[in-house]
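In the part that follows, the structures are each spelled out as structure tokens.
After this come two complexes, each holding chain A, first together with chain B and then together with chain C.
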Partner chain A sequence: MKRSTVWGWFWVILGVLYLVIPLWGAFDFSLRAERDVIGFAAYARAFADDDFWRTFIFSNQMALISIVISVLLIVLTAYWVQLKLPQLRPIVEFITLLPFVIPAIILVFGYIKLYSRPLAVGPISLLPPLTNTDFSTNILLVAGYVVLALPYMYRSVDNGLRAIDVRTLTEAAQSLGANWITIMFRIIMPNLRAALLSGALLTFAIVVGELTIATFLGRPAFGPYLQLLGQHKAYEPAALSIASFLLTWGAMILIYFVTRGTETQTTGAH
Partner chain B sequence: MAFLELSNIRKQFSSNAAPAVQDFNLSVERGEFVSFLGPSGCGKTTTLRMIAGFEQPTAGKIAINGADVTHIPANKRRIGMVFQSYALFPNMTVADNIGFGLRVAHRPKAEIEARVEEMLKLIHLTNRAKHYPAQLSGGQQQRVALARAIAIKPELLLLDEPLSALDAKIRVSLRTEIRAIQRQTGVTAVYVTHDQEEAMSLSDRIVVMSEGRIEQVGTPFEIYNFPKTQFVASFVGTLNQLTARVVDRTVGTLDLEGQQIVGPKLDEAINGEMISIALRPEMIDLDGAGKGEAVNHLRGRVEETTFLGSIVRTRVKLRDSVISFDTFNNPNLTLPQRGAEITVVFPREAVLTLKPSRGTVESEI
Partner chain C sequence: MAQAAVAPPKTSSDLIARFGGIPLAWVGVLPFFLFALLFLVLPSLSLFTGSFTAADGNFTLQNILDLSRPDIVSAYTLSIQISVVTAVLGALFGFFIAYALVMTGVPGPVRTSMVTACGVASNFAGVPLAFAFVAALGRTGFITQFLRDTFNYNIYDHGFNLYSFLGLSLTYLYFQFPLMVLVMMPALEGLKREWREASQNLGASSFQYWRYVALPILMPSILGTMILLFGNAFGAYATAYALTGGRLQLVTIQIGAQIRGDVLHNPGLGYAMALGMVVIMAVSILAYTWLQRRAARWLQ
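Here is the complex of A and B:
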């Protein structure tokens, strides 16, 4: 066996062990909730907790709304920049990198500072305080999530758009009588399926695990619940971590099968 | 009234750039197949895109079937377009692609299915209806693109170098198919190409363009045999371009590097003036080849003889210039030897006297 192949395998195995050993440790720990018994008691207790379901469902709802808003906002923006305003691309890319630079805590403090009092121009009130009701606070929460997911969703969508000839497909659709809505929803978005799923998964992962914004806005999200649970319980947080990990892997496998279906549409014998 | 009318069309992409298209005036009759022919950057695609509605003219007017469409959006012009890159929708099957325009127009389902079936038969791809574009060859994709464009029964069919991405053999068969389909459907077509053979084999008329302007409009026969400018003469077909001195303008006698030849009468020239002339290689022949009486004889030395299969091309050095002439291959032919003294002959009407590009006509007949 060649020396380079040996070293190659060495680093692969080392990397896998680096990832797998802690996971195995957490999984093993999560099975030992009962003394001298290997079982899923921690999982049963975690899933039996009403707070778990309440916060998990809440975070999923917020994730879904964030994904929809992100998709609409970013696909339309990226599409228009690619089609009509390519000179704006550097500015848009800079904006999408800002969430990496601005910590979530700064973002949420900015929201609270700006939106906890009415937005008025002189005597005219444009917007009431958004932190006064659950519904309006949820709007702030979703806005925060959309901002956090911006870099990931934009890059996914932009890569997807670059893989298709956006301009010619748009013109072909226009020559056949299609308006902008038809072009967006019947041509562009279906051809971005893989990119949108990737972006959606990343957004989902960010939202479900997010702690800072949800905590400071006082919303019953899954991130704060996990943190609280970790302060009082030992085995249940480990069980939920493994469950989250499996959920993420399940989503990635789903993406694989879906994108493999689109590859059949885009590759083939000539 | 012409079916497609372009009046004084001008397109300038920025105020400090040269116009991409200028002084463009053209009338196209219903059912006609017109090609825009020219080198890259001559403005042919820009003009086509203005007809389609993807670009707005800086000035001028475009009318289709009597209606001014200059400022009408592309999706309201009832045109069909075929692109160089096919532009089939990757997420749709062949049948769905063809039926797309009809679904957008909210046609009844039965009508869509019947029309799609009709188109699939027309392009001979009935067994590929459920395939995706990536599963088709380039030629098949372009046929689907063509079917998609004509399925909606457009008023005008626009084709932007649709064969450029295909290999030579497919190009030839597909262009025949395109022309047959256009004749069968009777749709008015505007075709953009830089390939003169394509333009001449397909078109009722050709618009030769250069630097954003029309050089000449005519049938393929007129464009090839009676080019009006140097550009048209040199772009369409091969051409020997020479400089000669006018000896007698009333007769058309010229001095070509010390040898006298006779061309057309030169009403606008002055005796002693140096003018540009051109000779088509296929109009020149070897002396004694028996093609009838020729007025003009030129003596030279054979520089090179190239066997091209059905054609033999010979390059002959005159005093300063080199001219080429073509003869059909013949097993009994004795090829001129390199370095041999040779006399070539050509009739008076083979001499084309040309104005510079975008000039007035001077050549006769």
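Here is the complex of A and C:
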């Protein structure tokens, strides 16, 4: 074997060990919930908890709503910018980069400061305090998630739009009598399938176990539940960590297959 | 209505119709700008104005000056230290792995699995990651027990503690180095074979090729990604909180405590701390974009 190959394997194996050992540790630990027995008791107990299902379903609902809103918002914006307002592209790109500058903890700090009082311009009150009811706090939570997903979703959609000829598709649809709703939902979005799916899965992976925003807005999400569980249980949190790892892993594998499809398509078109 | 206004588009200037005084074309981006204003710009601005407002509502610079308080300076120092350490180590480790995957004879399937694994790991943070590290390196963790049983060496008797600077750094590295791998692989693939051949023809050794050709070309990407990793660690709250509770006084942890209940006894100072974080993040992102542009000169 060549010296460089040995060296290559050395680093790859080191990397694999770093990635696998903590997970193996958590997995091994999660199997030892019962004395002297290796088994899935911790998983059974974790999944039997009503609070687990309540928070997990809540987080999934919030993730789903966030994905739908961010897809609609980003596709509309990126499409419009590409077709009609290319001069706005730098501004839009700048805004989509802002979430990198404003970490989740600062974002939620800003939400609490701004929206725990009525939003007013001078004497005119525009909005009641949003943190007062569960529903309006959920609006803040979803908004926060859409913001966290913004850079990834925008990049994904923008790359997708660059790969198709937006102007020709739009003009062809218009000359066949299609209206804007038809163009959006039956022409543009189907062409962006892969980009939207990978953006959505990434959003899902970020949002489902999210702790910071959910904790400070006091919402019963999965992240805070897991954190609380970790303070007074030992084996169940390890089991749920493994479960959420598998969830993230599943999402990434799907992204891999989805985007690989588009790559072969684009090379095929060339 | 929008439909009627844009129905027969001949040229793109025809597309701009008027809609109550606003060019109709702007209506399409209105939702986005409204969203950004309400949930990104205004909340940030409100923290900004909060940092310059005294308890009586008047303008003040006192909150900004109070950032020099020893406890706050030490929080920033700790956050910056841990971010720099994990960014540099993560970048080095990630670079070597990316190098191994691209440049050496590692077979394709290994490469693909490693890329997917890095994609997962760079998104695997927060509470589950902290728990995995407790299960691996905690007092009764997998590695701790293995070292104790096999080599009779208890790392906790020799100064190791997972809930410390070192422990948190090891945990952050779990999502830091995979990100470096993902960003560096395309950059390494962008190194042209001709450059290596040309330098060999001129009699350069492998070391000289790396020292005078490859590394200078890659340097903007490497530094840029390091900055990205810095920001990644600097803004992290969930992982640090889940792992150490409040034991390590990072800036994010202090801001969290301040949101829970005015621990600084001055709301304005809390806003100023947040502003300080945003300034540091903004400077690093600017440096990052600048380096990205430099990187794009050679690597297409």
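Structure notes:
Keep this in mind: the second predicted complex is superposed on the first by the 230 of 270 C-alpha atoms of A that agree within 3 Å, B and C clash if a C-alpha of one lies under 4 Å from a C-alpha of the other, contacts with A are read in each partner's own complex, and residues count from 1 in each chain.
Keep this in mind: a contact is a pair of C-beta atoms (placed from the backbone, for glycine too) under 8 Å apart; a residue touches a chain by one contact, two chains touch by 3 or more.
Bear in mind that the values here come from a model prediction, so they are computed numbers and not experimental data.
Touched residues of chain A were counted for both chain B and chain C, and C has more of them.
In the superposed model, A:Asn179 makes contact with both chain B and chain C. In the overlay built on the shared chain, the residue A:Asp165 is in contact with chain B alone; chain C does not reach it.
With both structures placed on the common chain, the touch criterion links A:Ala26 to chain C but leaves chain B unconnected. When the two structures are aligned on the shared chain, A:Ala41 is found in touch with neither chain B nor chain C. In the superposition on chain A, A:Ile65 makes contact with neither chain B nor chain C. Within chain A, the residues touching chain B in one complex and chain C in the other are 171, 174, 179.
Residues 2-3, 6-7, 9, 12, 15-16, 25-26, 28-29, 31-32, 35-36, 38-40, 42-44, 46-47, 50, 93, 96-97, 99-101, 103-106, 110, 114, 116-121, 123-124, 126-133, 135-137, 141-143, 173-174, 177-178, 181, 231, 234-238, 241-242, 252, 255-256, 259-260, 270-271, 274, 277-278, 281-282, 285 of chain C are the ones that touch chain A when the two sit in their complex.
Of all residues in chain A, those touching chain B in their complex are 164-165, 168-169, 171-179, 182, 187, 190-191, 193, 262, 264-270. Those residues of chain B whose C-beta lies close enough to touch chain A in the complex are 52-54, 73-76, 78-81, 83, 85, 87-91, 100-101, 104-105, 132-138, 148-149, 152, 158.
On the side of chain A, the complex with chain C involves touching residues 2, 4-5, 7-12, 14-16, 18-19, 21-26, 28-30, 73-74, 76-77, 79-81, 84-85, 88, 92, 95, 97-115, 140, 143-144, 146-147, 171, 174, 179-180, 202, 205-206, 209-212, 216, 223, 226-227, 230, 237-238, 240-241, 244-245, 248-249, 252-253, 255-256.
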